[in-house]
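What follows is a set of structures to go through.
Same chain, two partners: chain A is paired with chain B first, then with chain C.
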Partner chain A sequence: MKSLHDFHPLVIFSYFFAVIGLTMFYMHPILLIISFTGATVTSFLLLKKSFLKSIKWLLPFMLVAAILNPLLIHEGETAILYINEQPITVEAIVYGFAASVMLIAIIFWFSAFNAVMTSDKFLYLFTKISPAVALLISLTMRLVPLFGHQIKKIMYAQRAIGMDPSSGSVWHRIKAGTRILSILISWALESAIETADSMKARGYGLKGRSTFSLFRFDRLDGFALSGIFILFIIQLLCSYFGWNEFYYYPTFSPIVWNGPMIFMTISYGILVSLPIFIEVLEAFKWRSLKSIN
Partner chain B sequence: MALIEINQLMFSYPLATKPTLKNISLEIEAGEFVVLCGTSGCGKSTLLKHLKRELTPHGQTSGTIHFNGVALQDLPQREAASQIGYVLQKPELQIVTDKVWHELSFGLENLGYDSMTIRRRVAEMASFFGIQTWFRKNTTDLSGGQKQLLNLASIMVMQPQLLILDEPTSQLDPIAASEFIATLQKLNKELGLTIVLVEHRLEEVYPIADRVIILDAGEIIANDTPIKAATRLRHVDAHHPMLLGLPTPLRVHHALKQSDETPLTIRDGRTWLEKHYEKDHKQIQEAEPSGEVVLDVQDLWFRYDRHAEDLIRGLNFQLHQGEFLSIVGGNGTGKSTTLGLITGLLKPHRGKVTIFNKLLKKYAKKELYQGMISMLPQDPTTLLVEKEVQLELAMMSKDQTAIDRVINLLQIRHLLAQHPYDLSGGEQQKVALGKVLLKNPKILVLDEPTKGLDGESKQVLARILHDLQSQGTSILMVTHDVEFSAEHATSCAMFFDGEIVAKGTPAAFYSGNHFYTTATNRMCRQLFEDVVTTEQLIARCQSQQEVMTHV
Partner chain C sequence: MSKKVISLIIFFVIIPIGILIGATLLEDGKYNLISMFVMVFACIPFFLSFERRKPDAREVLIIAVMSAITVAGRAAFAFIPAFKPMTALVAITGFKLGPEAGFLTGAVSAVTSNILFGQGPWTPFQMFTLGILGYIAGLLGKTKWMESKISLLFYGIFSGIMYSMLMDIWTVLSLGNGFSWIVYGSKIITAIPFTITYMISNVIFLWLLTKPIGDKLERLKIKYGVMQTT
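== the complex of A and B ==
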């Protein structure tokens, strides 16, 4: 068993691609609630404290969306009150609420995705698409902190001879600021020569460059990927047959618990709760390992 | 057949009037550890670059270079890239990618190896170099020593036959430098790797080299075993600036004109000294700093972040008028941070800094940096911005006589029309120092001023600092260079764990240390406890010789 972080980047990417993609298209309240619950629990498991912090501003956002929609949209049959002779309908309120639930579910899925899909995993996937661009990204990621460090050094040196871009008259600040930038640029150009030498010295530019990565696709990754693929295809088929259809206007379509509906709900539930299942199982596993040792 | 055969190599840069390399002929056998040395600008880096085809500079070349019997220009590209490894001077600029493991695999990817081979070779090298503990780290998070080790390892994965290094330890602190040299020795001894190394810190590499080649103005003036090469150098020119860079035991032996076998290591030097000289109990007389206190640091505490640990813990020290205080100590003990605190770049959360009897925080910035305190940063290029050296100086002051005075003091008149980036490291530093001096600081702060300088440039710097000191400037220097500090400072202090743990005049201070002291002191402490510099040792030995000849 492994935790979500340890799966192959391809598995992680496909999973989030499937879940986020489906969440974006499903407006059916049951499916929305499933996705929302899954997203909340998953990102809580992965992010813990920072997740709790993010809730603070998401809840008010949800309420605002629920209020804003009925003020702008006046469709729907069940009016509860009139403002300026325009009806405020229950349908519009519910629709606004549903849309904001969808939006927040997507945000949560993305934050979980961000936590799992670190830059090197992302880069690895990119390498498969375009090795040259991926290498370029890797070089740039190296340069950004390097420049940051150098600009700090230059700033210190300049401040100690009285060229401080953070104080003095506006003219002085502009002068000091441009001078720091100019020093950084000459330094960058000079040092690029040395970096280029180091690349040339190690055979960069030879024909037939290969790419290497630390990630390995093992059996468990295979299982997970095929599981995700099957569940995703099932959802696509269900949608093709229109089993996920639900109308908010003019009034709500009824939710009938027939065979197809139950099948779709359960299979979607399984897909959405995969990460929770993996994380919880992993936690239990460690617990039992701890009690043995 | 030799691994490298150079025959009558001549080279001159475009537009240069004199050739940079003249009639270079030499052979390097497989498995040799060759040290190439010479003063800056003697052509040693140019010669090295000729051994690595991808880096060979443009210009007029004649003569031939053969690698394994094949002319270098006929070597297939793939072989040229992998068989000859090249490590450059600056650790951080050679690193190309953002992850340690990716950097290690970079060369092999270029050569087009498959994943399984790369995985295995990378694993092998990471274990050999002890990289496994930081294998998955970002390259930015490494220390200077780790970065240079990574550069070496990422060359070694390509399994080269010849390893060329251009001053690889010049940017490292002494401990990281010795570790790096030890790794080179291990590669040479255990894997039989051929190594050609350019260095100016010879104390450690000189004894382990099989052969030393000394270059002077583009010509080979010595090419022999370490001891013979040194003797040869002395015969060519008794005042050759390169002699300053030789290891201490050798220099002492030369100066005392002894004719027996030359000692190379500290251990041999000790035995040799004991054989010829007797213990005495003289004490070197040194003056304690006595001038007015210009900088007073009291109970300083500092941390970078509220939740971080304190980096400076209750620091106390004073700097007197005309004093040259040097602070030594390991990496990350807070030396550079201290400089930030006393120059007002960082703010302490407790304690106070007083400059000329006025609190540092009461100074207006203009007042402080115009004529009170100035800092020469570690990297001189952080101060250089103009197209010509004279413009650099002109922007600091409108007073032409002041500029002339600084130019004369630093002896940089011949550099005025050049672009700062075309200068050598030592020259760049002089220009940067000139800019700082034009602010007329009463207190001059130096951050590792001898880093990357050769023996001669260090002497020049020392002379300038002495001149300033005699004019009444107080100097505070942070350094790793124990030798420089012992020879030129008027007082020395040891920094550890955020405070100064010991302070004293150089001889008293260094003779009190056991490990953190000069090579000279380590060599002669059993005879002359108080001697810390080579000159002192030579003088002491000479006085004994005189006494003996009189008797």
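== the complex of A and C ==
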């Protein structure tokens, strides 16, 4: 068994693609709750403290969405009050709430995705799609910290000749800041040419060059990928048959617990809880290994 | 050869299948999903043409430098919401290095800054919006119009409105009701302070940076004979 971080980038990407796609697609309350719970637990397991910090602003956000929707949308049968002769309906309130649950679930899935899909994995996948653009992205990512470093150097040099951007009048600061930026850009463009020539000298763009990557697609990856694929196809088929349909307007459609619905709920639940399962299993394994030592 | 086949497969198989699934499965207004796909697919032709051309290493590096400056610019102004030099820097790249470089700088700086600051469902929207603003700037840069301050003012205002309107499509879709003009309108109205900040920051940065950065890029083009746009 591996931890979530150790799976092949393709597996990780396919998983989040499937789950985020389905989350954006399902408005059925039960499926929403499943995805929301899964997203919450997964991003908690992956992010721990920073996740707890990020949830503070969510409650007000949900309330705002629940209020905003009925003010804008006046569909629905059960009116609870009238503002300017426009009905405020229970359906619209619940819909607004459901939509905000969906949005937060998506945000949580993305934060888990950001935690697992580190830049090296992202670039590895992007290289397969578009090598030139992936090269652009990876160069850009390297240049950002390099520029930060260079800015400091330029700033120290400028300070020595009396152009300190952190002191003096506002106008002086702006002038000093612009000078630093200007010097940085001149330097960056010149050194870009140098880097490019050096790349060329080492055979950029020639045929038959191999690349190194840390990622190996092993049997467990294959197993996981086919599992995700099968569960995703099941969900697509279920949606094709319309088992996920749920109407908020004009009034809520009833939730029927028949065979198809149970089947869909369980298979969706399995798909959504895959990372939790993997992480918890890994945590137990880690603990038992530690206690042996 | 195999790359060509893959790009052909994307064009003639995956996009139609995506649209087909979109049309049949997603009939009851799952526009959030469809629009994300559309935004991703809208970027593909630009990436592919860059890929096909087998870009020179110098070209790649210059675009990467401009993207990195754009990303750093976003980070440098992180403490002021919406007041960012991103659009202006992408536009300047477009003016001087042409539409393709403008698009790539916009799209790449959007992805990269989201790799650094966190990806979200808005990434494809940002990629396409900044990209297309760079592309338009590149088309305008081929004319002589963009040398006056007044046309820079207009471009700053135009790109501020365009950025706000394109990104608000995502905001509306994220509310889940599908696309409705009423909600979109109300979003645009509530976003007015942001739109105005975008416009002001675009105009200020365009006025401040177009000449100095433009000159540096121009000098680079002459000195090394790269990225000639004619």
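In this section, the second predicted complex is superposed on the first by the 270 of 293 C-alpha atoms of A that agree within 3 Å, B and C clash if a C-alpha of one lies under 4 Å from a C-alpha of the other, contacts with A are read in each partner's own complex, and residues count from 1 in each chain.
Going forward, a residue touches a chain if its C-beta (ideal position, glycine included) is under 8 Å from a C-beta of that chain, and two chains touch if they have at least 3 such contacts.
None of these values were measured; they are calculated from a predicted model.
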Inset, instruction - Considering only the touch criterion stated at the top, classify A:203 as touching first (chain B), second (chain C), both, or neither. - result: first
Inset, instruction - Could you say whether A:132 touches chain B, chain C, both of them, or neither, answering first, second, both or neither? - result: second
Inset, instruction - Check whether A:186 is in contact with chain B, with chain C, with both or with neither, and answer first, second, both or neither. - result: both
Inset, instruction - Could you look at A:141 and tell me whether it touches chain B, chain C, both or neither (first, second, both, neither)? - result: both
Inset, instruction - Tell me which partner A:158 touches in the superposition: chain B (first), chain C (second), both or neither. - result: first
Legend entry - Partner chain in contact with A:78 - chain B first, chain C second, else both or neither: neither
Inset, instruction - Please work out whether A:267 is in contact with chain B alone, chain C alone, both, or neither, and reply first, second, both or neither. - result: neither
Inset, instruction - Look at A:110 in the shared chain and tell me whether it touches chain B only, chain C only, both, or neither; answer first, second, both or neither. - result: second
Inset, instruction - For A:251, select first, second, both or neither according to whether it touches chain B, chain C, the two together, or no partner. - result: neither
Inset, instruction - Once the two structures are superposed, pull the chain A residues common to the chain B and chain C interfaces. - result: 119, 135, 139, 141, 146, 182, 186, 190, 195, 197, 199-200, 204-205
Legend entry - Residues of chain B that touch chain A when the two form their complex: 52, 54-55, 77-78, 81-82, 85-86, 88, 90, 92-99, 101-102, 105-115, 118-119, 122, 136, 138-140, 151, 154-155, 158, 340, 343, 345, 365-366, 369-370, 374-375, 377-379, 381-385, 396, 421, 435-436, 439, 445
Inset, instruction - Using the touch rule from the top, collect the residues of chain A that touch chain B in their complex. - result: 119-120, 135, 138-139, 141-142, 145-146, 149-150, 153-154, 156-162, 164, 167-168, 179, 182-183, 186-187, 190-191, 194-195, 197-214
Legend entry - Interfacial residue positions of chain A with respect to chain C in the complex: 20-21, 24-25, 27, 65, 68-69, 72-73, 95-96, 98-99, 102-103, 106-107, 110-111, 113-114, 117, 119, 122, 130-133, 135-137, 139-141, 143-144, 146-148, 178, 182, 184-186, 188-190, 192-193, 195-197, 199-200, 204-205, 236, 239-240, 245
Legend entry - Touching residues on chain C, where the partner in the complex is chain A: 24-26, 28, 30, 32-33, 36, 47-48, 50-51, 54-58, 60-65, 67-69, 71-72, 75, 104, 107-109, 111-112, 115-116, 118-121, 174-177, 180, 182-183, 186, 208, 212-213, 216-217, 220, 224, 226
